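Both complexes below contain chain A, partnered by chain B and then by chain C.
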Partner chain A sequence: MRLPKFDYRQPESIQEACAILLDQPDAKVLAGGTDLLVNMKHRVETPSMIVSLKGLRDLDYVRKANGMVRIGALTRLKKVYNDPFVAKKLPALAAAASSVGSYHHQTMGTLGGNLCQQTRCKYFNQSKWWRSARPLCFKAGGDPCHVAKKDQVCYSTYCGDVAPALLVLNAEVVLSGREGSKQVPLESIFSGVGKTPLNLEPGQILTEIVIPEQSADGFSTYKKIANRGSIDFPIVGAAVWTSASTGESRIALTAVDRKPVRTRQLEDFLKGLELNEETIQGVDGLVAKETQLMMSSIDSISYKRKLMGQLVKSALSEAMGGR
Partner chain B sequence: MKQAIALTVNGDVYEVLISPNQTLLEVLRDKLGLTGTKKGCDLGACGACSVLLDGEAYLSCLMLAVDAVGKEIVTIEGLSEGGDLHPIQKSFVELGGLQCGFCTPGIVMTAKAILDEEPQPTEESVKKKMAGNLCRCTGYKKVIESVMSASGRMGGKQ
Partner chain C sequence: MEKQFSVVGKRLPMVDAAAKVNGSAQFTDDLTFPGMLHGKLLRSPHPHAKILNIDVSKALRLPGVKGVVTGAEIPDRQYGIVPKARDEYALAKGKVRYIGDEVAAVCAIDPEIAEEAVDLIEVDYEVLPAVFNVQDSIKEGAPVIHEGVANNTSFAIRKEFGDVEKAFAESALVSEDSFYSQPVNHAPMEPHAAVAQYDPVRGQVVLWSSTQIPFFLRRNLSATLMIPESKVRVIKPKVGGGFGQKIDMFAKDFCAAWFAMKLGRPVKFVYERDEVFIVTRQRHPMHLTVKTGMAKDGRILAQQFLSYADGGAYNSTAPTMMALSCFFLMVPYHVPNLLYEGYHVYTNKPVGGAMRGHGIPQARFAVERQLDLMADRLNLDPADVRTKNSIKAGEPHPGGFVINTCGFAESVQLAAEAIGWKEKRGKLPFGRGVGMGGASFPSGVTNMSHISSGAVVQVGQDGGVNVLTGAADIGQGAETVIAQIVAEVLGVSLDDVRVTAADTGTTPLDPGTFGSGVTVRAGNAARIAAESVRKKLFECVADELEANPDDLVARDGVIFVTGSPEINITFPKALKAYQYKDLPMPLVGRASWMADTNEPTTLFTQPGNFSPNYSFMTQAAEVEVDTQTGKVKVLKMVTAHDCGRPINPMLVEGQLEGSIAGGMGQALYEDVITEKGQVMNPSFLDYGFPTTMEVPEMESIDIETDDPVGPFGAKEAGEGTQLSPAPAIVNAIYDAIGVNFNELPVTPEKILKALEEKKKQGV
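This part shows the complex of A and B:
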């Protein structure tokens, strides 16, 4: 499958990359390429220009400083989960990074790229030929949403594995632009809008992921159900972080809405409660209320709802043992 | 617009004229005639196009050729030395780790990356890392056996 034609730039600095992006609003950033190039082959993304970050060397690191773990956005997933600190102290992140796609995707794909991946839908992630049987969907440039059966909306689903893990670890991200950089909570970059899932300003690039070292003090895990354990996107994924000392829990889900979801009502409900078989009995009902499931994949809503509850319960049970 | 790039493949430097939208897989097969690397799904889901980039297993169908400049690329053609099969290839031949053979170049290159990274892998580790290489003849058992045997042959214990 040939890639569509595009102009190619390989900037030597982030500033240069941001300047190109400001100049060319239609340009797309290429990090690992395992998401963007597939979408381009399917002709659902056809940028006029690719800004390849493969020439940048200084965004590839995992380092600790001033109570923070800082990970460069171009650090490849394999390096993230093989890092001794991440593997030992941030097991949710290690589990999530090592469950992305196949070994090859983990070798090629970057942490920043994984966070910034496109949302997915059974009507969107298809070849041009497959999609030609229906009018072009809203996300691909047409009007209708075949999931919602309405115009001008998009219910594609965010399916990244790493985002929920980083959300429960209270991660922040550094966004760099031509005017400088700013650090914002990870949660704030997800718009919840299917067509444009990221809140990035023109010319902005996600350059660093920052995790407070306090997050290493709790129990954390990421659990995923996929059709094939080897390579697939999650049908549902759930990350859980709990702290024995503060009695706090943080829970986040992926593949259940247009953005990764922190389930705050459930977290409030669990606050201060001792985790045991009884207290986690009702969590499935609470989890279901905090997501907006749509039939954007081949799995039914009721199936996903059941999986979601089971995954969170099983992660919380593990937390009981881990405390 | 076409541009001239230099690619280092199997130790040789090739100057080729390419368009930015050509993948490394297309350039290897169509420009350099190295057709040992196979085009399967061309979407990163099957692993048939696996090659080594600086020693690691990459999907050449999801890599722009222009992004491979400056990297050491090794394809299945570069694995054997002077007509002698590489120990991994010998193991696959002796243990019947292939049926139709289409997925084999990708599988052998992934095996090379795995064994270079982890000379004595457990069977579980091999299975996990090989999971992105699909074999539609479904000869996975013998594939895993061949990789484990190659590990022994290359000096790792089994």
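This part shows the complex of A and C:
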């Protein structure tokens, strides 16, 4: 498959990049390209211009300052999980980053690109010819949704591995625009709208991921079930962070909804409860309630639902052991 | 004692291994020619529709487009690998029968423009009702997929011997069980490609194609282009895997040649990965009901089969596939009474074709599963049941097969020992289990037209040996094996032998790579050709060595007198002597080889032999089922294998390992999922076949039998081992969790469901 035609720009500064993006509303940012280029070949994304972030060399770092771990958006996943602090103190992040796709995706894919990746759907991630056998779906520019069997909705699924890990680590992200930058909770950038899954304003790019060092104090893990060991998006992925000192826990899931999901009711349920076999068994029903599973992948809803419960329970059991 | 062989039986790297590793090996897509154009196909978006009108004017007006062709313009000549089952046009005429059917082809100065032009072709369709499964397709009043084919059943077979009913009446246990095998894609690494060039002066088309069957392709091209075979030259560059998927001609072959002839410029077609999944071939989904009568001690007294293969939109190899599926129920077990009825049914889905095992994996899965079910019902050890029923070499075979060598019973015992059967079967903790499956496969076929191979061996003045063979190496190492055979006969090293292969313009006739006949058939041709060269050399040096030519041996670069190795002459000196005697150079030997032709051409109505020889194997698996996620991990797979004498054990192991991954795919991972005829997972990512990370510890045990027909005693090692891994794994799952799965693939979801059911029932 070939890429469609596009103009290519490689700005030298964030400001310049933002300016180009503002100027060209249908331009797309290119980081590692492992998500974007595939979608372009499938013609589900056809930006008239690609704005490569390759020139922004100073967005590639993992550093600690003032009680925060700061990671540049262009840092490759491999560099993220190989960082000694991340590897040792933020195991959920290390596990998530090292579980993305195959080794090749980890050496090419960036942390920012991973968070900002497109949602997925079995009717969407297909070639143009394949899709021509059905009316163009809503996300791809038509009206119907083949998953929901109605018009003007999209239930494509967010399948990124790293977002749930960063969510339970209470990460924030820095969004930069022409007017400057602001730091917002990571969770706020996910819209939950299948067609436009990110809440980024025109001209905005994600430049930095910020993790409070306190998150290193708790227990954290990311668990993923995928078809194969060598490559594959999660069928379900779950991140769990717990603190022995405060009794708090944070849980987030991926591949179960249009965005990565923090399961707040479940967290509330677990609050103050002692983590033991019994409390853990209670999680099944709650987890399912907080997600909206749809048949957007070839894995069935019931299977995903079963796995979700299993994953959270096994992560919590590990947390118990970890204390 | 003199050693037996120097090159044969050695673990030698493939002759083209280095070129493949350093990237210099040329595959079809690596070829470029000045002025080359690029083609692309427009495919049907409907599973079943009439083509009312095709408007190509917009496409033709796009700058850079050099040609467009539709089904209306091509000759009314259908093609297909089996002459009596031809039902396909390179481009659909009047009607499309599945999503992906070729409607038109475009040719442009670059692939991008070709792709753009395809989108500009406007087709008016009248959508027709479609059928997506066998049950619906054979119903009265079902949509007719091919005119004149009643009940959409394009092929029906029946074979019977003995008295099944009587034997059932005498059986201690008669069981009837139903099985289903899913569609599986071959997924070769190299997508299908073709480049064509036309020489208008000689009127000759040259086609480079990623094919397994250059000579059949030549015939199909000649028939469909309506030009003589002598004007078609098919060259096979390196091929990155076929597994049967490259046995057919495809639209890319025809259209490349068509455009090259019309436009006088070279034209290339390369399929996308989703095209490989959707529009080439797949293993036939098959429903199979097996009724078996067994004596109390586990002896099979009779078997009755009813099978329905879902062929998709076209026949491809249907008659052959059905025949193999039937005939190979007669080995490796002794079935004294047999009745087989099988039907090949059209549906509006991707097309079934030859795939590693070719109809037999589905049948084998059913039988090997049922043997375990019945052993359980009779409280017998499945391993014992297998040995007890093994056919034996030299004994009369109920179907008329001639079995000269058979290591099957031994393979059951050795596989059982290696997996730890006695200690493990039924004794491992819940979630862990062992299972086995047995199989047998032909090394090509006897007595069928054109199933014959030629070879030319030529020795140059410098001692270099050149072999011309039509055998199609598609990555399995056919050229290496042939070179080893020639090197052994001439007593030279593998490095001295160069193989020129698979060019219908220069190399001798060969049917190509299918039916696992290459080593035996093309290998024998090469052996005899080399022997005739050696004979000339021996006759020339016999005087000098004061010996009878019949007493000479060629080995390790030296010709010596048997029993007196000190009386010798080196190979280069022998060559010199040959020249000084003014004998004509180059030294050339040629041969053709075909299996015994005294057998009947069809075994449907009479008994007879099928193949020059038969391989036998047992594979035993140990698995671990994760009861939380339903995932099955194959921990170990043992293969005890009788492939005669392996010419190159390393290549045989490569085949075994590949078959284990393939069998795991069939058992656990792979399924071409369709929704209303549309393939939902046409990519490496979504199709999800197992990768290196999933592959278990593998042990192979070689049971050497010295087959009288195969070259140096060799038998096939290509397809047979693809038959037994899947049933071995599924049988092991039963041992692990006590659930019998009779439908493939056994997905984690099915496992979880079954475990829940089990819990509910409180067992």
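Here is the rule we use: the second predicted complex is superposed on the first by the 323 of 323 C-alpha atoms of A that agree within 3 Å, B and C clash if a C-alpha of one lies under 4 Å from a C-alpha of the other, contacts with A are read in each partner's own complex, and residues count from 1 in each chain.
As a convention for this text, contacts are C-beta pairs under 8 Å (C-beta built on N, C-alpha and C of every residue); 3 or more make two chains touch, one makes a residue touch a chain.
No experiment lies behind these values; they were computed from the predicted model shown.
Contacts of A:M1 after superposition: both chain B and chain C are touched. By the touch criterion stated above, A:I50 is placed in contact with chain B alone, chain C being left untouched.
When the shared chain is aligned, no partner comes close enough to touch A:K149: not chain B, not chain C. Look at A:N227: by the touch rule set out above, it reaches chain C but stays clear of chain B.
Once the two complexes are overlaid on the shared chain, A:K122 sits against chain C while remaining clear of chain B. Using the contact criterion defined above for the overlaid structures, shared-chain residue A:I298 touches chain C, although it does not reach chain B. By the touch criterion defined above, A:M108 lies against chain B but remains apart from chain C after alignment on the C-alpha atoms of chain A. In the superposed model, A:G33 makes contact with chain B only, not with chain C. Within chain A, the residues touched by chain B in the first complex and by chain C in the second are 1-2, 5, 228-231.
Residues 1-8, 10, 30, 33-34, 37-38, 41, 50, 52, 54, 101-105, 107-108, 228-231 of chain A are the ones touching chain B in the complex. Of all residues in chain B, those touching chain A in their complex are 1, 19-23, 26, 42-45, 47, 50, 56-59, 62-64, 66-67, 110, 113-114, 128-133. Partner chain A is touched in their complex by these residues of chain C: 43, 45-46, 99, 111-112, 115, 119, 272, 274, 278, 628-631, 669, 673, 678, 680-682, 685-686, 688, 690-694, 748-749, 752. On the side of chain A, the complex with chain C involves touching residues 1-2, 5, 122, 125-130, 132-134, 225, 227-233, 298-300, 302-303, 306-307, 310, 314.
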